[in-house]
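First chain A sits with chain B, and in the next complex the same chain sits with chain C.
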Partner chain A sequence: MDTRIDFYPTHQHGAYKLRPGRAFPFGTTLVPGGVNFSISSGHATACTLVLFEKGAPEPLVEIPFPDAFRIGNVWCMVIFDLDFERIEYGYRMDGPWDPAAGHRFDKTKILLDPYAKAIGGRTLWGKPPDWNDIYPQRARLVFEDFDWEDDRPLETPLADLVIYEMHTRSFTAHPSAGVKHPGTYAGIMAKIPYLKELGVNCVELMPIFEFDEFENSRPNPLSGEMMYNYWGYSTVGFFAPKAGFAATGPFGMEVDEFKNLVKELHRNGIEVMLDVVFNHTAEGNERGPTLSFRGIDNQTFYMLTPEGYYYNFSGCGNTLNCNSPVVRNMVLDCLRYWAAEYHIDGFRFDLASILGRAPNGAPLPNPPLLESLAFDPVLANCKLIAEAWDAGGLYQVGSFPAYGRWAEWNGKYRDDIRRFLKGDDGMVPVMAERIQGSPDLYGWNERGPTASINFITCHDGFTLYDLFAYNDKHNEANGEQNRDGGNDDHSWNCGVEGETDDAQINALRRRMIKNALAILLMSHGIPMILMGDELGRTQRGNNNTYCHDNELNWLDWTLRERNNELFNFTRQMIALRKAHPLLRAGEFFGRNGSPADIIWHGTQAWKADWSEDSRALAFMLRERDAGQGGNTTPVLYMAINSFWDALPFELPHLPIGYHWHLFANTSLPAPDDIQEPGQEVLLDENVRSFLVGGRALAILVGRPQSQT
Partner chain B sequence: MTLSINVEMKDREAWITLDGELDAAVAGEFRQAIEQVAPQKPEKLVLFVSKLQFMASAGLRVLVFAKQQMGREVSIHVVGASGPVLNTLHMSGFDQSVYVQESYP
Partner chain C sequence: MSIEVEAFPRDGMTVVVVRGEIDGSSAPSLQEKILPLLQDGSALVLDLGTVSYMSSAGLRMLLLLYRQAAAHNGRVALAGLAESIRDTMEVTGFLKFFTVANSVEEALTTLRQG
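Presenting the complex of A and B:
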């Protein structure tokens, strides 16, 4: 590092040489000869920097910020000659203890920097903490010199994404994963070939911001097994990757390991999206621990009732005050940091509707945070995806403030597809909306089908296998007498609750899984697949596995052998989507810029049956000019039968010179259930109708025969 | 446990042998060794690490520093890494930027 003549100590504290720091950026920054520390609090009266040798029980030194080092509400200081790799740091803040006014200062507590870029204390997953540690989760310094070579975020068009939602630990923690470092970022890296073979081009990682798996940890009353804050939807530090997810975490190298994972995924054409939790923190309500925000500036960071209690729109004890200008800036800084420093491609915001609430909790018509994120230059090409509801009753699917940028987890897609598949009445008209990207929800305000993240399953709720194996949730293992978890799964067990040896039922379940995957990947909008659904992963009917570090969450890789037909089916469906731009258009069919139409059919061609009793729907996707003037673009046709018995579907006429080919038929056993795109089976010239089995579907491709 | 460092120039190659544990406390010494050979403009930097039992991120940092100090055209060879040292190189992805080999030449 250069030695600069204009950067010298001006103050001294014991053996430590200091000078007034720079207010920006907040957090710690390595500067010539030293480290710049900067932290703000709107209501503290004094601030002390506390330094530890790594892992030491008592501080190495406490350095009060001299008065001259405060600018506005920001304390900033450079300390020279610090051995940044051996240091951990925290702060003490002095100020009023006046809960009714929202203030909870306590200078006996050592506080974590909200901008900490690395956090020690939970660096080895599941290692029981020292509960007497005076500063359990400690901020560390990070040197940002990772060699990215020519990598940058991939900027894959949103319409082309196939998202795979996964949990870092669950993906490879199972012994059958056969990786050197199970349950880590390095473990994911070892499985990149699997992701490539499947064909997904975006992984959405459940929370990887530092969290504490021991938050509310407790032994299971039934089994005695430890239950953790496993999923991690409870942030301790927004700028630090979860060290316990890194094989190198115990060496303090989680930053490098995670960056390396991003770089390798990018090298393989796979984007990285982070599931981010800005709606609440790990500090809980007034009975929770004081780790950071509560002790730094409680009134600013949290939404408080007029009496000074915590609003609980998150269902997790507190609510981060995201539309306070200070917190808003922190959220922006955080996302910019992950986009710029970690090359992250997009973010999915947990309970995002909270981000649109005013400090008093009321929903805002024009929430400044959401607007800032939508127009931020660093985030300009990042995907922004909202879970468009919160635990306080705000449900904004279709109406989330989008600013032309935001996409939404389409919860209605999930519910409607499930209800149609299990055979509910009156679902055909709404299926038509969902299949074409939900224009009823997104066909206004200049939004398009890419506003809709289509999913049938996600980490919340049943897996796809369980959706067709259980009528009811079975959450006894969570230790709350089966009270937790949702009750609106719209599932159907196909005749027997849970596992069965009945071959017919098992065949039906496999068919239902394939039906769901086929509809998902044929729908307009962005498909999202839950980790393991391509292998028939089960949670044994548990629809809320947030606390289990065991086989309820871990992906069992022996399923690859046992359920290879599901893997193959999923892989070919993804390949079909990639092969046909018709399935990935950014416009609704039949509108403005769309060169293609969707034409609805039923068991009779050109005549869809929209009635209450209807269980059959077919559609054809075609470019308007297909078959004319040299345009030989294939035509796609899908017939879905959710009736229990087989139904003949009359096939529509094709352009002259086109012929029908069978791509998928879920009523056939593997390997005849699906073909490779381009290798579809030519149908007889005289076929005028196609028999689709009960609770099955078929996908046909119409194209000139010369293409085979 | 301490670190012992042996530096020698072999024609246009800088050979550095490390023995012991390379943690933050001694990373500075390693860095000084790099700084010592850099002005001699070696074409290759060869690190013999078979007796190195542990390398913390501080050690990797020095490798990053070496790469920056010497420029992209200088190749860095890490020879004889095993156990935790090799793991650290793999997991941090640093094995993509240097040549990891069992023996040299």
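Presenting the complex of A and C:
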């Protein structure tokens, strides 16, 4: 029985029954009998709610907000008896058109609610849109009644994470994926057993906030194939999951499908991290479309030059004004919403340095947004990871304002490991920093190795296979005469550019891939693996595949058979990391509370060669008390030879009663390249030195011999 | 959207045949027609073999019915779901909350055992 008087309308507009709404929360909320609509603009003079029947070309009704329904800068209204499943809504905002002053109001445009929780218009991936639609991407209403049962974010300690960076569509769009719903959230769900077998415990999804794959879409000048805004680093709506990534998107159930994916991943011990893009929006610069923010409150939402043009610190036309108090609140609302409503475990912030800029673009010493996120109660246990640079030249790896919370994509880790692997001079000293969690970057300000997200490859740049198959980028397919994409790949093709039948070169490439994965998973800090690197995925030398909905991005699952040795190697390396807490300590070795030390060696034990032309480095990880007083913790030893010829590494002494066992040796062909942790091969008692092949590495475990 | 409901007793249980599309506009009347059939401890088979479309609101109505039945110690089974509806229920997580059978016969057997 309806027992409250506010379940009943007080006002009327034609056949529609209304009541003054509640200002909070912004966006739409289903309330008894109706829907609460709330939107703010600091400079609009009037606001009209526009309702559509789903998909209809013209509005069903337009309801101007009565004066009495405005509180401060917020218009809010409850409408009763809406068949909310069949409704789409937008707003018209009236106000000044004065670009020099930053205002671009245009009441002929129908605008998307920045807080829209579901967005129609692109619900089936790749379906050509109606370019004449007066309101192409439309806000919809959602049920927020998902049954999570006992689920909540997993709160896996940061030090224990093994992150897998992936694109929702790319993961299962390839026909070889063999899933019922290719390229969708449901597709990921079907592949959970694969992720578990690999052993990763966190998936980082490239953007899943609603974007428009047709933004700047165009036929490829070479092939005629359509090129899309495929990766999705261009947000249309910050509160809505990409409907075109949902098998049920055409039925408007993307919210449930995505929540169910998160729940199922959690049930399998896998966290979900979202790659979020708050640095710019899909509206571009002054020549871009007016979809939402520009027409609602341009001066508030964007960083503008004194002349009213758009600052472009993102390289994408505009820059979201993240440290204006209004936008800061929106970002906070958004992340809270994803954490609370979707149980998201963490966020990776694209071009996060922009989030530390003032409205005039100047970097702030104490950016209020970053501080708010770090101390927010809802986000208290969420992982916060910064891509600590932007396209405006701000580079903050090691100095991103952290507040004891923020981790960073360690771009220096990527560059240094690559240079060492390909054999550059003078890399041994810096390798020592990277392997122990980059204390040169994070050894101050109460940060630790968990501030360092270690990666050698990510979606930007070469895949791991291509890193050792191409000296140069080959981006012709992007249609920009190979001008796009980075030029600092630090890659090495192992002798031939691209694919080859040369068995020796192919063996070397496999070895280099294994070397890279082994270093990544032995390093202190948080490892991140790029989707498919465990299978030798190639992008044919393209280091910027942002626009391709084809095999350049899709994971080819037949690689599982062809490159099973890479899969197995990766899986065992992850298993080793899991088996040895030494590899996952939250403190730098030898410091503070760390019970363990890292001891550097070279080809001579206890004597690392730090010289300019040194290409060999070995290290031993051990608990300080290992071998004493009943402490039988294993000791780990890794010898890396980046020289072209084999080198003998003198082995350091072990605690009494310990014996050397071989876990991995990348110079050996599979299956002898790696063992299951715990099943390592016992070395002869008299071995004092271990020969590591050219461009190879070995991992040894010292432990008391198991009783057999 | 019109929705038709026909109920008849079978082996001490009730089979409810639903015809039409279940969405936000038809769900309330469907719920109104089925609720009275949920007596204490009753067993209900919803034959959805001729339901061609079920929206998000329709699924929620079904789950509501299911939970209302459980609150009255009753049991509900769904029979004859179209593949597309079953798919949607599966990927959105709804399916696992229900007892589902391929046919009315199978549903009756399941409920009898349950």
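In this text, the second predicted complex is superposed on the first by the 702 of 708 C-alpha atoms of A that agree within 3 Å, B and C clash if a C-alpha of one lies under 4 Å from a C-alpha of the other, contacts with A are read in each partner's own complex, and residues count from 1 in each chain.
Here is the rule we use: a residue touches a chain if its C-beta (ideal position, glycine included) is under 8 Å from a C-beta of that chain, and two chains touch if they have at least 3 such contacts.
All values derive from a computational prediction rather than experimental measurement.
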item: Clash or fit (per the criteria above) of chain B with chain C on chain A; value: clash
item: Contacts of A:499 with chain B and chain C, given as first, second, both or neither; value: neither
item: Which of chain B and chain C A:81 touches, first, second, both or neither; value: neither
item: Partner chain(s) touched by A:446 [first = chain B, second = chain C, both, neither]; value: neither
item: Partner chain in contact with A:625 - chain B first, chain C second, else both or neither; value: neither
item: Touching partner for A:181 - first (chain B), second (chain C), both, neither; value: both
item: Chain B and chain C footprints on chain A, overlapping residues; value: 83, 85-86, 143, 145, 147, 180-181, 186, 246-248, 251-253, 256-257, 259-260, 263-264
item: Residue ranges of chain A in contact with chain B within the complex; value: 83, 85-86, 143, 145, 147, 180-181, 186, 246-248, 251-253, 256-257, 259-260, 263-264
item: Touch list for chain B against partner chain A, complex; value: 24-25, 27, 56-58, 60-61, 64, 67-68, 87-88, 90-94, 96-97
item: Residue ranges of chain C in contact with chain A within the complex; value: 23-25, 55-57, 59-60, 87-88, 91-94, 97
item: Of all residues in chain A, those that touch chain C in their complex; value: 83-86, 143, 145-147, 180-181, 184-186, 189, 246-248, 251-253, 256-257, 259-260, 263-264
